[in-house]
Amino acid sequence: MYPPAFNYSAPTSVEEVLATLAKEGEGARVLAGGQSLIPMMKLRLASPSYLVDINDVDGLDYITDVNGHVAIGALVRHNDIVKSELIGSTNHAMTDAAPWIADPIVRNRGTVCGSIAHCDPEGDWNSVMLAARAEVVAQSAAGERVIPIDDFIVDFFTNSLEPGEIVKEVRVPKYTGRGGGAYVKLERKIGDYATVGVATQLELGDDGKIAKAGIAMTAVNSKNTRAAAAEQVLVGETPSDELFREAGNAAAQASEPETNVRGTEEWKREVVSVYTRRGLETALAQAQAQA
Amino acid sequence: MQINLTINGAEQSAEVEPRQLLVDYIRSTGNTGTHIGCDTTSCGACTVLVDGTPMKTCTMFAVQANGKTLTTVEGLKQNGELHPIQTAFKEKHGLQCGFCTPGMMLTSAALLEQNPDPSEDDVRWAISGNICRCTGYVNIVKAVQHAGELIREN
Amino acid sequence: MTTTADQVGHLHTPPEIGGIGHSVRRHEDDRFIQGAGNYVDDIELPGMLHMAILRSPVAHAKILSIDTSEATALEGVVAVVTGELMAEHNLAWMPTLSGDTQAVLATDKVRFQGQEVAAVIATHPYIARDALGLIFVDYEELPAITSPQQAMADGAVLIRDDKEGQADNLAYEWESGDKDVTDRAFAEADKIVSLETHYPRSHPSPLETCGAVADVDPASGQVTIYMTSQAPHAHRTVFALVAGLPEQNIRIISPDIGGGFGNKVPVYPGYVIATAASLLIGKPVKWVESRTENLISTGFARDYHMKGELALNSEGRILALRTEILSDQGAFFADAQPTKFKAGLFHIVTGSYDYPAAHVVARGAYTNKAPGGVAYRCSFRVTEASYMIERLVQNAAYDIGMDPAEFRALNFIKPEQFPYHSPTGFVYDSGDYETAMRKALGIVDYEALRKEQAEARAEGRLIGIGMASFTEVVGAGNSKDYDILGLKMFDSAELRVHPTGKAILKLGVKSQGQGHETTFAQIVAEELGIPAGDIKVLEGDTDNTPYGLGTYASRSTPVAGAATAMISRTLREKARKIAAHLLEASADDLDWEPGKFFVKGSPEQSVTIQDVAFAAYTNPPPDEQPGLEGVHYYDPPNMTYPFGTYVVVVEVDAETGEWNVDRMIAVDDCGVRINPMIVDGQIMGGLTEGFAAATNQFITFDDEGNCIGSNFMDYLVPTAWETPRFELDETVTPSPHHPIGAKGVGESATVGSPAAYVNAVIDALAHLGVRNIDMPLLPDRVWSAIQNATG
């Protein structure tokens, strides 16, 4: 399979990238890892007229600890997250999710920000970002704006970037108290997209009650979706099996899965419920393990 | 577009269309050991080391290899000596039809660079982006571990 | 180095000769590990053009018009070929291997999504692909038939209206066994156990897709076709018949093949179109499928809707078997199988068990799906058969309250009953089923495991132990019963021993990874004492190898392996005469040990096979023809019947239906093992295929006939991570009729293992009353089975 023809440049600065995007207009697309875009082009499901390759831009591959959040630059690859000690010590759900993104070779190339921008409802990162209440930094020639992940994800393969904007980084808030998280994914084999994925994050107050909760779901709605009602079940409560079960049921109610070759709607709902509960159990254990 | 790169130690320059896939370019240079097995970045038959890191070259454009150093299966043998991974694949019957073998060996060689004494799980995890339809993987795992032994002995 | 004793408990040759039983490292690997294999896509010829095929986006439609003008006008496009053009050359249709017809390029209608509609020939593959987007086809859609039940229903739209006299969607009807005797046995039964299940559509999907480079020399008329062919000689004959080309001018070269598994047995439209295009244009034309094209248009496998019943007496003895098949054939009946057997060798369904009566009824229906019905790593529907009987037997054990292993042991054909005449007409050559089963159960410590299972159940954990004690029928086959399009299913070997004692062996079969270059050399080494490393094995070039039907259905060792042994023995007898001449002794006074003749009682008076080879060309006996060469065509007296027992242990997650394989034990008996290392490799590959079938690997269609499973994102082949860790063992029961006692092993594990995996999951749920979950055992199906059983 071969992609359709396009024009191409590989600028070395963000300014040049933005200028090129502005100049080339609507048919232009950013090429980062390309691990979703290039297969789509090969299958002729996408046919951009121009690709602006950002891989040669220096200084976009950072994972840094700033102002209470971890900033992840546009060229951070999935495998960088797998290996990152900073992520490992600050966000369990990300650490959990990273090794199950695509396959080990694709993870060498594919980027976190690219995956977030792609807004594939079967993609894992946006659920993790929703659970963590991350923010996306969009940049255009006009400047930067910070978009809460809930506002960034619009719909099926649709984000809220304006023409001429790129995702420059994603900011993942650090736990403010004792925190933990998990990403539980049902994939049929390595390289598969999620059939069901649930990201969970918990923070405990000094009283041992749940101070903050984040729950979001993959592949069971038209976009990665926050299970807000399930979060509300948890906040302010003392963790218990019964509470987690209740949160699982609330998450399942917030899912709108479709019956397809991967399974029935009814079963997927059940998996959401079970995975939510299991993810919360893991997150709680991690939070409680912290001093 | 003009590209300049190194494949197996040899400098190459070529005029390529932006849309030319890296795998097609590599094969056009006579390095036909790099294979194509799918359209969806799933099988890993096209895996090549790009600056030492395994990449699926069906999901990169040739223009993106500009300035890079590539190692294909043809470059594993050095100074007339087979790479330990090559010796081990034969010794442990890690291949049958041979079609996935180049990508499988390159991924494995990169693993052994990082970890010359991988466990069975380490190997299975590392090669899980490369599909083999013949072997059931058992002997591939043994081959990679045996190559590790050969590397550690040297 | 692993060395395994042969049937008499020792090796005949030392490692430096490397005859039968030695794990000789593979000769072919030297090129593969250096990336120097030569596959079809690696072939570049001067002036070569590239072909891309436009395929139907819909499953069933009338073609109203095809506009190729824009495509033709694209720079770099040399020609656009349509069915109309092919029809002018009488090439719009071709015969299938089942004696049906198949459209090469559609003229009237498209009958499945992915069917070939037009082809572009261009200077570059990217341009050919671009031009496909510039061909405009006007379709008038028709209702799509997506199941055989729908196809056979009253009033179903007629799919094959191209066929004269075809009034419905029935593709074939076939039966085997004795209905009356079987019905009587059922009438007398104390218990009847039944199972209805679907073996889903699958695809062999070798890592290399199908392709060809057709090179027609307009001056000489020579046609050379490099193609991904498991059966190059048969394909040459098909080409001669289809295209009316003189067969001596057709040369099929099947270079290195990146896996076949049955996918590369049929002749596909792409090969024919590329050849026609090269003929018309006068330049070489290359066509290599994409993965999607491979999955949506080339030979699928399985898709059998099966009903089976066992009649039992109160002691648990099987009295009879009844089965009924409805097969989904797709738009053209293109099973690659022996002509006489419309449902392949499905009538091996009586399995490893002794009972007097069986009846098999099979019907196939046309549907709006891709044609095929290839034997995906199996011998003509033996996989479906083995699955049916091993699932039924397991369920029968539950229903009469016996342990599944003991139920099998009670009903096995006993070693002293061989050769065993099955109620459907097979003559099993040899077997010792219980020994293999006990060995497998011993490895897994069956009794302890059953205890562990009971304890786990008490804690709410679901552990399952499944098994399958399969019997295959492979090595087609004797000319009385087996032919494809009239070509008898013999095979051949030509052996030339050169003056320096090195040799070349030429075969009509064709390896796709099975290691023929090594194992066939080992057969010669065994018989002639020439080191295996001194023997080159040549296959896959019809100009330079003797005729044979090819490699599939585990027939290479049973048929071509026998031919190799026989020609080696013929040459050894000639060598004996030459040796007698050299030693000035009578041929009858010579003894043979691998590699040399010596005078009886005087071992110092000897000549080596190399001495003899040199003399054959330099000093032949006066009454003998010079040279040491010959060819043997082997018509096997019977099929071979490999067998074994597989045991699988799983744990099921009751909350989600997910399941994991904890252990997978395979005890195989394929008769004498030529190269134990390669045999184990074949088995592990097959065990993976079985795992794939049981878990995730299938093709399905939506109601409009859109293929779900058209790429490796949707058609899920397992990686190293999911694949179970296999534990292998063996028993050796030689085939009594095969010259070296070998039976063939390439497919045993694909055939035998799916039932073992499925039985394991069923076993975990059997106490809930679950008796069937259709493959693949997707977690939602398992979960639903649990829900429905308990709730």
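Which chain is which? They are A, B and C, in the order written, and residues in each are numbered from 1.
Keep this in mind: a contact is a pair of C-beta atoms (placed from the backbone, for glycine too) under 8 Å apart; a residue touches a chain by one contact, two chains touch by 3 or more.
Keep in mind that this is a model prediction, so the values were computed, not measured.
**Q** Indicate which of the five shapes (line, ring, star, complete, other) describes how the chains touch one another.
**A** The chain contacts form a complete graph, every chain touching every other.
**Q** Could you tell me which pair, B-C or A-C, is linked by more C-beta pairs in contact?
**A** If we tally the C-beta pairs in contact for A-C and B-C, the bigger total goes to B-C.
**Q** Compute the distance, rounded to whole Å, between the mean C-alpha positions of chain B and chain C.
**A** 29
**Q** Measure off the straight-line distance from the CA centroid of chain A to the CA centroid of chain C, and report it in whole Å.
**A** That gives a centre separation of 44 Å.
**Q** Enumerate the residues of chain C that touch no fewer than two other chains.
**A** Those would be 126, 290-292, 711-713, 717, 719, 721.
**Q** Check each residue of chain A and list the ones that touch at least two other chains.
**A** 1-2, 4-5, 43, 103, 190-191
**Q** So which stretches of chain B touch two or more other chains?
**A** Each of 17, 19, 39-40, 42, 125, 127-130 in chain B touches at least two other chains.
**Q** What residues of chain B sit close enough to touch chain C in their complex?
**A** By the definition above, chain B touches chain C via 17, 19-20, 27, 31-40, 42-43, 45, 72-74, 76-77, 82, 86, 89-91, 93, 95-102, 105, 120, 123-125, 127-141.
**Q** For chain C, which residues are in contact with chain B within the complex?
**A** Residue positions touching the partner: 25-26, 28-37, 39, 41-42, 126, 205-209, 256-261, 290-292, 512-515, 677-678, 680-681, 684-688, 711-713, 717, 719-721, 723, 725-726.
**Q** Spell out the part of chain C that touches chain A in their complex, as residue ranges.
**A** Per the touch definition, chain C meets chain A at residues 125-126, 129-130, 133, 290-292, 655-658, 695-696, 700, 708-709, 711-714, 716-719, 721-722, 778-780, 783-784.
**Q** Quick check: in the complex, which residue numbers of chain B touch chain A?
**A** Interface residues on the chain B side: 1, 17-19, 21, 24, 39-42, 44, 47, 53-56, 58-61, 63-64, 66, 107, 125-130.
**Q** Considering only the defined contacts, which chain A positions touch chain B in the complex?
**A** Residues 1-8, 10, 34-35, 38-39, 41-43, 51, 53, 55, 102-106, 108-109, 190-191 of chain A touch chain B in their complex.
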